[in-house]
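Scrolling down, you'll hit the structures one after another.
Across the two complexes that follow, subunit A remains constant while its partner is subunit B and subsequently subunit C.
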Partner chain A sequence: MIPRPSSRRPDENFFIVAHDIKYVYEGGIEALKGVNLRIKSGDFIAIVGGNGSGKTTLAKNLIGLLRPTSGSVDVAGNRAEKMTVAELAHFVGYAFQNPDHQLFSGTVEEEVRFGPRNLGMPDAEVSKKADHAIALMGLQNLKSEQPLSLTLGLRRKVSIASVIAMDPQVIILDEPTTGLDAEEIADLMTSIRALNEEGHTLILITHDMRLVAQHAKRVIIMANGRILLDSDPPGAFSDLGLLRSSKLEPPPVTQLAHSLAEFGIPKDIATAEALVESIISARSGRP
Partner chain B sequence: MRPLELRDVKFTYANSSRRALDGVSLDIEKGEFVTLLGANGSGKSTICMLSNGLIPHAVKGRLEGSAKVFGFEVSEHTVSEFATRVGIVFQEPESQLFCMSVEEEVAFGPENLAVPREEIRERVGWALELVGMKGYDDRSPFSLSGGEKQRVAIAAALSMRPEMLVLDEPAYALDPVGRIGLYRVLRELKERHGMTVLLAERDAEEASVFSDRVVLTKEGRVIDSGAPKEMLRDPDRLRSIGVLPPQLSEVASLLGKRLGRSDLNFTGMDEARRTIIELFSTRRTGGAR
Partner chain C sequence: MTGFMDLYTEGNTFLHRTDPRVKILAVLFLSALALIIGSLEYLLALLAFILLLLALGRATLAKTFFALKLVLRVMVLIVILWPFFNPSGSPVLFEYGIIKITEPGIVSGITVAVRIACLASVWYILMFTTTQRDLLRALVKLGLRFDFGLTLAIALRFLPTFGAIVNSIKDAQRARGMEFDRGSLVKRSKNYVAVLVPTIVSALRTAETLSLALQSRAYGARKDRTYLRDLNMRPADYATLAFFSLLLILPVFAKYVLQVSI
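Right after this comes the complex of A and B.
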């Protein structure tokens, strides 16, 4: 029997705590070299870093798909090592980068119902959770479609809905916008924000700094298996050298802002809107 | 002979009822760097596969109109006939790599053409150097990072000494620094070797800086074509066709709206900086309150 804290309590201080975790893959590659991390309920965190920085390895250690070589992870006040992957799934859900790794059912509805049913929820609750997840992702009209016949953008939504349906407090989304076009990204991010507003903790793994600037409340920059920076979004954009050394090209607006510093433009600009506002106010002589 | 000449091309995939291309006319000139920009499903990949004959020979469907590659109708010639003139690189480098070493991978194409050994060695060295992967010859392609794999896939296409390189969202899985690095390599191929580059993208950020021309696609049609600066100046229009606008275009557009200056338009960083500094020096006479 796993202890089940009420998963939406806002005063739950840290829902996930990672203590100095290291992870070595078979063959000796050390993908995590000592990561400490505390995650509050309700946060919207972006984990960013270049290919091979350890982002996905970290996520897999949080959901028990990989177990730390040393160090430990606490989830909802319990040692993760004492829980099975299925038990951890009550608390932390993970949507794969490639949704096709996750989809196998005949219809969207069956796909989304699979998770909660597998966790042993009673039928009525399965229906309630699945309907809610389907509505959140805007898939109401596609319930009887075959998941693999849908476009990549919709397949990704189905895979996220099937994670949401298990109602984990924390949802990890691994590169959810890869391969999507502008319209699909805007649509998906609206649904993802709604999840966060409902009280879910979101961890977005990405290397798209534009996405981070628009949505995240906290940014964790990883490089070489370590956390280089843990900060609010403006702080994450103020050090161009750090971004580049983490294989994260600073967004053009950030580069432009830095080149205009002598005119009083702040260096922590990350969106076009923020840059335009600061240009307008610098121009009118206000600080 | 033009690398690509499409005249009112229509194409419907074998098990689809929808036209993937719905009357596309498009010329790609020798030495041009052209980026096709459009939403998923707008026809970009179909144009890429047409440009080396994969469509209609390997990927079946109904092709109408005229599609000429270096003057030859694609439907009348085989993929292997185009292989020495057109190199193609897909989204996922994994789908293209299969050899035990980087060297074998890059040598595979010319070996199949029975190119003399000495020349193959020379081509492999040349191609790896061009993509910045010199010295990786003995590495296993599967031990490389995503960006490195994509460069090996490009080197493998280059070793055939093509005149045109076609890339379907080549930076798909790359981190931002990998993306920029890849685009620099492509631009250099054009500048130094006169390579024709045709590229499909959903993200206009790099297209604004690296392309000579941008072609906008929507629902199987080409809706506009021209210099990046003109094609990319309206972020709302780009978003409406599923393309992520360049951030500097967004800045120019927002700033223009705030200041009542519809003429504001910049793409490169230096140009943006100059224009904004000018705004500071003209603030008394500018349109702002």
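Right after this comes the complex of A and C.
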């Protein structure tokens, strides 16, 4: 029903390109003050920043739920402004922060099939994509459960599965770990990593800096409607002042590394493994 | 929905300061007056008086027009249709077959339209100058059960919240390729299930949390409540009440006792 727009790719390297987008909400709040962004296929990007920094507004501009007040967005080589949200949904999926805002079906399977059916996929393909999404999120045993009766962690998995089933190249996850316990987070992140390894581009909107340090390949720090820093995780964590000015706290391991700076430990440490390595090399480097 | 929420205009005018109970009574008296008055001239005078009160309450022209826009269509319809269905009196202006239009028919159509304008706009005197909190406190003081008042207050308080939730739900489903304005009627109504179910679920979850929150703050622990801010009638409020009472009593006296046509 909704024809998949052909993807022309004048710039093979970048799947999404945002040119100087500004967004002003009704009522005059300037949520984005000129954002430039190029997103490579297969990347794992974390967008971090304090509340009200423009993370969600930026993400909504990428899928056309909000249209930039000025500037433009290219998705798969097409101008996003010329496509409807449903057409853009072929390329960009968006799992909302609150899964309860999207679950409505009687069974998990029905729920997951809703998106691909909307895109007009033939039945066989719908089943294939839905089964794959359900398997990826580890929901095989819950296929005939009522989604709304599941725990928050599982509801969130269902909502993410229902986006994966549409098979978009880019998947935006808006604070997927809020309200989950450590085990649920680890479980969810394993599935999300698998998704990235399959070739999907992931955009993770989060406050959780440990998550960023462990999983992201690229970190975008936003503050006040602008991109403050765009780098790999170690680089993003080396400037404590910058992090704190954007209302962020670096992961504990990075803070530890900063405290150990006088012993020759570098400041751009993002994971426990990296810290262990640098401690070992700092020791062995000593006479 | 949000239009309704925005009705109150911040201000410190005479009307803002008047006790909300007096305002409620005044509005009821003026409404009764609009129903009693039969002549177009007096109704126009009443409408002018109501608009004057709105202006005194700092209602801007734009806001007053927004308020009247809601009934404008009904008014136009009545003015056009009334003469066709009320072909009484003379002089007859136009006659063709069963269609007959008389001058009194046209006048009474306009009269009814003006009466509706009065009845609709008079409530804005109250709504533009009274906060929801004061309005509910007044209703409770006038005899509404406190639980009902609280229920109403919560309902009004959550309207914008639910507006935002519905928008978020719609966005979430649009991101899943759903299109609200395409497809057959059956498909569209099926689509609305995808919005309706999450809305109801969110509403129930919110209601449950809210009732627990109320209970945990000892709601209903005592039958007799005390209030942080009580309503007190000032001399000016009594004077205002007397003024609006006279405004109703005098025409009633004139019409039903003295048999003066008004």
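The definition used in the following text is that the second predicted complex is superposed on the first by the 273 of 287 C-alpha atoms of A that agree within 3 Å, B and C clash if a C-alpha of one lies under 4 Å from a C-alpha of the other, contacts with A are read in each partner's own complex, and residues count from 1 in each chain.
In this text, a residue touches a chain if its C-beta (ideal position, glycine included) is under 8 Å from a C-beta of that chain, and two chains touch if they have at least 3 such contacts.
Note that this is a predicted model, so its numbers are computed, not measured.
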>> By the touch definition at the top of the document, which applies to A:251: first (subunit B), second (subunit C), both, or neither?
In response: first
>> Looking at A:282, would you say it contacts subunit B, subunit C, both, or neither? Reply first, second, both or neither.
In response: first
>> After the superposition on A, what does A:51 contact: first (subunit B), second (subunit C), both or neither?
In response: first
> Touching A:78, do we find subunit B (first), subunit C (second), both, or neither?
Replying inline: neither
>> Under the stated touch criterion, name the partner, subunit B or subunit C, that contacts more residues in subunit A.
In response: B
> In the superposed arrangement, does A:231 touch subunit B (first), subunit C (second), both or neither?
Replying inline: neither
> Touching A:179, do we find subunit B (first), subunit C (second), both, or neither?
Replying inline: first
> Is there a shared patch on subunit A that both subunit B and subunit C touch, and which residues make it up?
Replying inline: none
> Contact residues on subunit A for subunit C in the complex?
Replying inline: 1-2, 60, 63, 65, 84-86, 89-90, 93-94, 96, 98, 100-104, 114-116, 118-119, 148, 162-163, 166
>> For the complex, give me every residue of subunit B touching subunit A.
In response: 38-41, 91, 145-147, 172-180, 202, 205, 238-239, 242-248, 250-251, 254-255, 258-259, 269, 272-273, 276-277, 279-280, 283, 286, 288-289
> What does subunit C use to touch subunit A in their complex?
Replying inline: 165, 168-169, 171-179, 182-183, 193-198, 201-202, 205
> In the complex of these two chains, what residues of subunit A are touching subunit B?
Replying inline: 49-52, 151-153, 178-186, 207-210, 244, 247-249, 251-253, 255-256, 259-260, 263, 272-273, 275-276, 279-280, 282-284
